[in-house]
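Have a look at these structures, which come just after this line.
Both complexes shown next keep subunit A, but they swap its partner, so subunit B is in the first and subunit C is in the second.
Entry: the complex of A and B
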């Protein structure tokens, strides 16, 4: 079993699309919290607890903003808690809605952290490259030119400074200096890149049967992942939109769909949990496999006497 | 293809409006994917032109400059040269190149700063800034320096409003005018910082860069 990272970028991307959709599809607190917990576990597993706590700290202002926006300006909800200044009453209902939708946004941000760790720039290029060759090429060249531009910019700056020697610049001269530096930088990068373009043309860029090297191969495991996700995801969509997870915040907190259809409810919960637990499951299976290999190696070690395997 | 692009933008806006009016629970989801889909017609139309390597270069170089600038000034909050460079790209090389410069700068700079739900919105916002700059300069509206600066300031504020919209529409319900206005007002300090940075970057370069880019365009016969 490979972990999610080792799948083809398309398969990983598809997984993230599924997970993001699941996280945004409903504001039912149970569903939001379920997605949040798994996103949390996954981020902690990938980056450690400290990183996760830092993210929580970064997100707090945004959470406060969302809660404030939801509760200060509307008077919906029946259970009044208190009055905030001259604004409308803060009720249990609009406070809950604010917190839950804030947490939903946090879940999405956490999934994107995982996305950034699992899909590198290379993978994004690989996804783009086949279907949108021109844009994929442009992206690759932009990534290549960024360090080049910064390096050349430093060089130009040093050159221009050397010409000034000890001279102190006034405000207007500083603007002029910056202008000249940027002008030099632009013309260098333009002409340099056009040279590259010409050599690309000379090496047969427009040829029809160009092949490009790709490290990724789409194989049956990737197809298997996508198929599994499609089935689980469709199952979840059907169950979710059947109304069983409908949750009304106003006028009072009420899980309106709870009494409709238990089977669909459980189906929806189950399919969501399966989708969410999938990468963790892969890692756990891998861990156990690795432990088994280690154990076998230990047993083998006992049989080795003076570098020779001895069976008794 | 320009027709499709406009259609995509109109679809995005109507999805936003309909979701808000009907108070749909999945507003965040629908508007997010509508934004992703709205970028596609622009990309496809660029792809279909099958540009020669030479004609790719303006977009590539200007995006690289924009991203490099954003990385260098990353320490200052919301102080980005990208808007200024995208405006110049749109003015010098036309609306499609302007869109591509903006969209690709957004995508690539987020490879460094981390992708997030903001990526499609940034790509679209910067892309449209370049696109509109191209259209305006075709109609000779951006001929005067003050009009360029005015457009830069408006574009920066438009960018900020556009970026805040998803957070507000998707996660604040029910919306009323008080909500919307105060949420946008809270974003104003960031937008001012952005507008200032745009003007500061436009100030030294707009004249010389435009001249230079036009000369290069003529000299190398770029499209």
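Entry: the complex of A and C
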């Protein structure tokens, strides 16, 4: 299920802005881990476990690199574990900081995977077109232009090869060949865009009162989603930044915010969890709705006698 | 006729391009475009069709010196019409280049957005046009996923959605294959009959078009030489012996042949379609059965049974031999020496894609013209690329007997132009292939490029581009020449010229041609084959190939099948009719 996809692109986009901000504003390990866990679950729900494990595998070298660089260049922290080479100390503190930073980055990556899946280029265009019509139009034209150009590039390459089939090219000739190919492609696509320009003129562009048409409708559920998110997001920011989020890595690990107002602490964690769990919750609710409908249909089937629905 | 409102009128209109060396592109044109008509504008390439059509759309009219009057009906060009409504729509030749947006619905919306319509109005217009054109199923698609024919239908739809009063089309089917062309024209005729919109269309292929035309204009070197009905045009062309007459539908041409002309002369009902032509032929040739009996030794009806090897030996002057026969018989003379063998090749573009070719085989002989036909996307071009070694087969081999130089020219000549002038394009490989000045000069004269040498290749017309690219490839001096759709943008005169050149070249090399142009190819090919179901099938001599097909065959054959036997090309028909009229066959 991809319930978030049913919303207006603006609503979905707003949701992602909220979670991404939440995942980026702090290095507090509890906050980072909470975001990470929900991002993981959501990716698995959308793309499956296998895909997620593959992402972990891809990211692992990056994580190791981040941790290493942090420990190598950052000699802060009191609890020294061992030394790297000639005197860069690896401490519990800088090690933890490195790992948490790496995981925060991974979280953002996972959110972007979801984002890509739920918002298509068309959706982005719909949002852009409303606010910035010229950029929206240019983007749409570019999206049309790219596959055309790739196709043409391939044709130029094949044609150039086919014309001189028996030639084995040396290194220098290859460079020459590539430059020539680019020249051909460039002049050809320039020539073609002149025709596109004519076609735009023929259809009345540029026009003073040009509007932007989008197939998406903004309805009350979209407004509901945005409103809920605004409330939760603001609530979270206020609670968190009133102190509870504060966490110091150096000189030693210390959750300085823990001792501040308990209610605010719980409030901020709760609002964050609600934001994060939101799309999953939607999927679960919709799944149950489906089950109920299927069940009703089954019951209905039992009532059908000789093609006529009979209620007793 | 005169009661119809005049939409656009040209009065003594002349036009000279700024770089036109004072040769007017249009000279003293006097014509009227009537409301509700389907007007066909025809003429050779370079006769000024596009220039004239562009003047019908003020936004696109070219810059240059205009004299005389060009008068638009008030309803067409009222400035500040409500919502900038575009009253004149313009569809161009290239299907992809005139598409502006990324997806089908977005493209349909583009013109309406310019008019500043309300969302509900745009939505309704898109819905009605999609249903009217029957394109609802692909409204969500990206334009890159559409075929050329679909793209052109979309261009028609995205213009019709603006509810124009006049639809102008400049060679809209020139880049489409025959099937897509048929679909497009049918859609156009449907729109015309359903909405009564005025249409002006220019085309270089007049088949299927003239029978639906209300009015025809014929342009010749910038002058309006004829204005009137389709049959009037035919009469005009034949009475003046104009070379353009060969563009007329075949059925019309046949009605002017001696013997038949006497019968049709006084009636105004000359045939324009195959059906009408067949009616005419069967009416005029009452000795139908007699002809069948005396034609050669082969009865026409026997053809359905296929030709046996023994019979084939009788045709010694033709390469009338299928592959199987060649293998079994001892005819493997010098003439049929294998020059290239495609041995059971498999090909797919990407590991996950379906196979494009599977176990495809063919033999290419020395000094022959071999033609490959087939539907859109059947892998014809892919096969040529494989033969040229630009692509490598995934399985199977392409073997040539000795070191043969292969050169290929693809569908779009633009892909081989890297220089700024025609001369530079031709001399690019001068050193590499040791071209002498003499060779280059000969090539320039052969393809009439002398006057164009300093022009930019992109400023040439479609036909001239094609000729330039062909000249360039021939300077590589190949042993095997591979051509992909080489006749697409050529007019009659140039086609005849290229035909002669190719027949000459045959003495020196083998030529493989991929094309849709069945009628033209039947005149020059030695052997033909089709690609279907990822294989090369029906490899056989040209006569054999077209006689065994009933639908995928030449227009001449479709016109004469069961009436006059064994007519594949127009020339056959002329000869046969001649002998029938002289009474030779019925006497024998």
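In this section, the second predicted complex is superposed on the first by the 286 of 312 C-alpha atoms of A that agree within 3 Å, B and C clash if a C-alpha of one lies under 4 Å from a C-alpha of the other, contacts with A are read in each partner's own complex, and residues count from 1 in each chain.
The rule we apply is simple: a residue touches a chain if its C-beta (ideal position, glycine included) is under 8 Å from a C-beta of that chain, and two chains touch if they have at least 3 such contacts.
Please read all numbers here as calculations on a predicted model, not as lab measurements.
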Based on the superposed arrangement, let me know which partner A:24 touches: subunit B (first), subunit C (second), both, or neither? first
Quick one: classify A:46 as touching subunit B (first), subunit C (second), both or neither. neither
In the overlaid three-chain picture, which partner chain does A:124 touch, first (subunit B) or second (subunit C), both, or neither? first
More subunit A residues touched by subunit B or by subunit C? B
Counting only touches as set out at the top, which of subunit B and subunit C does A:204 meet: first, second, both, neither? second
Between subunit B (first) and subunit C (second), which, if any, makes contact with A:135: first, second, both or neither? first
Contact-wise, after the overlay, does A:160 reach subunit B, subunit C, both or neither (first, second, both, neither)? second
Could you look at A:215 and tell me whether it touches subunit B, subunit C, both or neither (first, second, both, neither)? second
Can A:277 be said to touch subunit B (first), subunit C (second), both, or neither? neither
Touching partner for A:184 - first (subunit B), second (subunit C), both, neither: second
Would you tell me the residues on subunit A in contact with subunit B in one complex that are also in contact with subunit C in the other? 121, 141, 143, 148, 183, 187, 191, 193, 196, 198, 200-201, 205-206
In the complex, subunit A touches subunit C at residues 121-122, 125, 140-141, 143-144, 147-148, 151-152, 155-156, 158-166, 180, 183-184, 187-188, 191-193, 195-196, 198-207, 209-213, 215
Listed in rising order, the residues of subunit A that touch subunit B in the complex are 20-21, 24-27, 62, 65-66, 69-70, 73-74, 76, 97, 101-102, 104-105, 108-109, 112-113, 115-116, 121, 124, 132-135, 137-139, 141-143, 145-146, 148-150, 153, 175-176, 178-179, 182-183, 185-187, 189-191, 193-194, 196-198, 200-201, 205-206
How about subunit B: which of its residues touch subunit A in the complex? 25-26, 28-29, 32, 43-44, 46-47, 50-54, 56-61, 63-65, 67-68, 71-72, 100, 104-105, 107-108, 111, 114-117, 167-168, 170-174, 176, 178-179, 182-183, 186, 203-205, 208-209, 212-213, 216, 220
Interface residues, subunit C side, partner subunit A - complex: 57, 59-60, 83-84, 86, 89-90, 92, 94, 96-103, 105-106, 109-119, 122-123, 142-144, 158-159, 162, 384-385, 388-391, 403, 405-410, 412, 414-418, 429, 458, 472-473, 476, 482
